[in-house]
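The structures come next, written out as structure tokens.
What follows is a pair of complexes built around subunit A, which joins subunit B in one and subunit C in the other.
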Partner chain A sequence: MRENYTYVVLADDDEDDRLFFTEAFEELKMQTKVDLYKDGVDLMNALNQSDSKLPNILFLDLNMPMKSGIECLKEIKSNPRFKDIAIAIYSTSASEEDIEDTFVSGANVYIKKPNDFNILKKILSDVVTMNWQYQTSGLNRDNFLLRL
Partner chain B sequence: MKIFIKFDFTRICTKVIDEKLVALNIKYRMLNFGEIEFLEDVPADKMEAFDTILEDYGIEKIENQKVILVQKIKDTIIDMVMNADDTMNVKSSVYLSEKLGHSYGYLANVFSEVTYTSIENFIILQRIEHAKSLMINTELSLTEIAFRLQYSSVAHLSTQFKNTTGITPTTFQRIIAKRRELNTNKS
Partner chain C sequence: MKFKSIYNSERILKIIFGLSLFVVLVMGGMSYQLIKKLSKSFEDVQHTYQIHIELEKLLSALKDAESGKRAFIISQDSTFLEPLLSSQSELESSLERLKLLTKNNPAQQKNIAELKIKIDKNLEIFEKTLGLALANKTDSPEFISSFKEGRQTMNSVRFKIMDMTTHESEELGIRKAKSSKTLSNAPMLIYYALIFSLLILLLTYLQISKNLRILKEKNELLETFKESTTQSEIISKHGNWIWYIEDNTFEYSDNLYRLLGEEPQSFPATLENFMGFVHPDDLDKLTEQVNKMMENEDLPFIHYRIIQKNGSIKHFKAYGKVLIDSDGHKKLLGTTADITDEIENYRLIEERNLELERNNKELASFNYVASHDLQEPLRKIQTFISRLEDKEKANLSDNGKLYITRIKSSSARMRSLIDDLLQFSRTNKSEEAFEDSNINILLETAKHDLAEIISDKRARISSDSIPSMKVIPFQIKQLFLNLISNSLKYSRENVAPVITISYSQTQASDLPKIKFSKHDLYHTISIKDNGIGFDQEYAEKIFILFNRLHNKNEYSGTGIGLSICKKIVENHNGYITAEGKLDQGSVFTIYLPITT
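Let's turn to the complex of A and B:
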């Protein structure tokens, strides 16, 4: 049986951002499970365990020490085992260049981190709902591009 | 070398199910797509075997009545979007409630309860998805796509595209083209 919750993972080196993120999900009435990693190296080590449970959606901060979000994105996209993970870039940057580069490299969602907690909740809810549609309605994931 | 292919999901699923049911020696009849009637009692162990085999293909038996209704609503909407020429003259709420034999209010309630989204949103999403695949897989211009999907104008399609995805149709096409280029260079 397919599990009926969405498994969400975030890699972000900023502690406050991680906290907001989990709190937002706690307040949303959606069935989700959230795991956090504090940088790209930790994240990739965990994903690369052969028996790791893969997230439905992975949120990647772009600017992280040691291994950046874009490096993680490229590694994930080059490994067929991870092909079903939807990737959401979660960044303070809103440069058109970053946005287009990450989409071209295979990201599905680009989120500019909002300052307002309620907007964050709305954004995360939209992402999970949209991803759910792709998972359950036979849509072509290659066409899944969403900018918020 | 790289090639692009298209899938006919209905045909693939129907064929898989047919092969597996024949192999298990279960007599059945395919009603609508996604609805199978067994013509004899199926013993529990055979049914279990059937479930296990189908799980490999990502096909799953739906048990809950509301989930079944939602699936029917989705199938009807997808059919409606794909065949926009014949159906879009009718309002979608009227079309759905006539086709499925429930009031639109009831359908709308069950739908949002199960999917966290509204029927209206789902229709918009499906139309935009259809527009995307036409943009990528055909040579049709945006004007022709808007016409085919029964949008009143290209501007209407572009606005709805932007509102749904956050990017414009032109940006979408550019990103997909660059991705293909990148993947071609890699291999």
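Let's turn to the complex of A and C:
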């Protein structure tokens, strides 16, 4: 039951990254609605409200105070209400451990934060237009880390 | 081996002793037999002489009677007739004795019977002649004929006696001949036996003196051995002890006393005295172990502590083994070593190891955190620059644009430095990461990652087929990536790079650097290019972290790439070498041990 826009949520404690994120979507001019949370606790509080609207794609930073991205990921995956949310990990690090841990915990894609705004735009546009049906059904370790 | 010969000769000596005993016994028996025979033959001779004497006596009695008769006939004096009476009874008894003497000789018995008849006849004639003489008829022919007959019978008696004497002599001769054979051989035999036993004695003496000499040599050897044992005990800080289990007595070597901090043999060697030195905390454990020693024949080392009289604590290690000697006595042979120094050293090494490990961990995490956390602000700087470039470029002066370009290249350089450092800090060795890998695929993946620059530079890369190896796959991929990108980066201007990757196997002995390796054979992968090369004198230097041969304006590079290569190869127990010729190219060769 998809509406005429894609609901995108980002949980990231870094102010600059939240700025880049919103600016990128503004410039992309896609049918999207973007909501931002400044940490994992905020995000989970919002999601756990029974009447909350659930995002189509959730971008999760890993390194956040109070509640880390991986904790949020595990919580979301353990709740059947959230089973349709596609989860994109959005992190500075691309260490093997983090990639492995989030893949095993059920994230759909892993994005290493780029150092160029135009690349960021391309990534976000790719992720939003991605065929999530395909991406979620055949969990593929090789395609997990998004390469551009 | 020589001891064995002594045991053998002991047996030989026993045999020789038995033999000589036997020979002496035989000699004694033979001598006894000989003496017995000698006395027998002496008896025989005596017997014969007795018979001779008896016969002589008989004859003389007859002669006495005859001459008495003749004297009476001539003188008519009756006093001459007196001996006749005595000689007659003597004849009787003499004959009886002869019979007795010759009772074992039937021939002589027969002779005696015949003699008796002749004597009786002679006596009969004698009576008749005597009767005629008493009647004074000495002139009558009857007297003369009987007188003549008397002389004839007298002669026949004499002949008979002579006959008997000869017979007896012959008899003696036969016996003599019979016994003389054994009697003459026996002394010779005894003499030979004597010589034989003397020879045996001589041999025994030689053998004994030889054994004594060997024993003496062995004794000297033992003495030397004992001396060197004492010396080695002192140098290696150990002491020996023997526990004679049946008697429950002990023997301690001098150095065992020294290990306890005491003068050698300064107190009686007993279990109680020794236990007096043992650390109270280890006493129960040691007692238990000692009891175990009695049951089992072989035991692992026992560790315990002792306290010397001056209060210093020493660590001991002991080993005991039950031995049963040739007489069946049980004894426990033990060695006790003072390992205080070893334990101290071990502790020191362990402490240092822990410290090193801690340092290493700190360094790794520092390295990781530093490079990781440095990325964050850098990424933002770069992103903001890209924003500035996109949105504000039009508002900037030419100088402003130049500065932005400079900031961009500097931050890009910083990024590659951080990336490489991160890569370097992650290039660690962990045994779990090793897996059987298709090296050709790893090489292809590396080439794939470099596809863009390869096609930009129109590079040609050829490679041999490389066998599978047990490696850390992502590191080997990184190795190819770094080496190939190195070759691409340092290519000559206007010359399309040609990179040749070849595979072979090399004997460890052919490589001076790895001559004493525990592996015999090495996989050898070389990457050869036609780039700018380098001066061979820098061949070692290029692998050192942050070492660069070129100005960063000429060629971009962090000076980390080859260090990572070296680290990767060393993680795989291998070696990497570089050969270069300026303006002609370079060859990097990787040696990885072939493990079976």
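By definition in this document, the second predicted complex is superposed on the first by the 128 of 148 C-alpha atoms of A that agree within 3 Å, B and C clash if a C-alpha of one lies under 4 Å from a C-alpha of the other, contacts with A are read in each partner's own complex, and residues count from 1 in each chain.
As a convention for this text, contacts are C-beta pairs under 8 Å (C-beta built on N, C-alpha and C of every residue); 3 or more make two chains touch, one makes a residue touch a chain.
Since the structure is predicted, the reported quantities are computational estimates derived from the model, not experimental observations.
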Study note, to complete from the structure: Partner touching more residues of subunit A, subunit B vs subunit C, is chain B
Check your understanding: Does the superposition put A:117 against subunit B (first), subunit C (second), both, or neither?
Key -> second
Exercise for review: Name the contact category of A:104: first (subunit B only), second (subunit C only), both, or neither.
Suggested key: first
Exercise for review: For A:54, decide between first (touching subunit B), second (touching subunit C), both and neither.
Suggested key: neither
Practice item. Name the contact category of A:30: first (subunit B only), second (subunit C only), both, or neither. Key: first
Check your understanding: Should A:46 be classified as contacting the first partner (subunit B), the second (subunit C), both, or neither?
Key -> neither
Practice item. Considering only touches as defined above, state whether A:20 meets subunit B (first), subunit C (second), both or neither. Key: second
**Study point:** Shared subunit A contacts, counted only where both subunit B and subunit C touch the same residue
**Key:** none
**Study point:** Complex contact set, residues of subunit A against subunit C
**Key:** 14, 16-17, 20, 23, 92-93, 95, 113-118, 120
Study note, to complete from the structure: The answer for subunit A against subunit B in the complex is residues 1-2, 30, 100, 103-106, 110, 125, 129-130, 132-133, 136-140, 142-143, 145-148
Check your understanding: In the complex of these two chains, what residues of subunit B are touching subunit A?
Key -> 9, 60, 74, 78, 115-117, 122, 125-126, 129, 132-133, 136, 165-167, 171-172, 174-176, 178-179, 182
Study note, to complete from the structure: Given the complex, residues on subunit C that touch subunit A span 372, 375-376, 378-380, 382-383, 386-387, 390, 415, 426
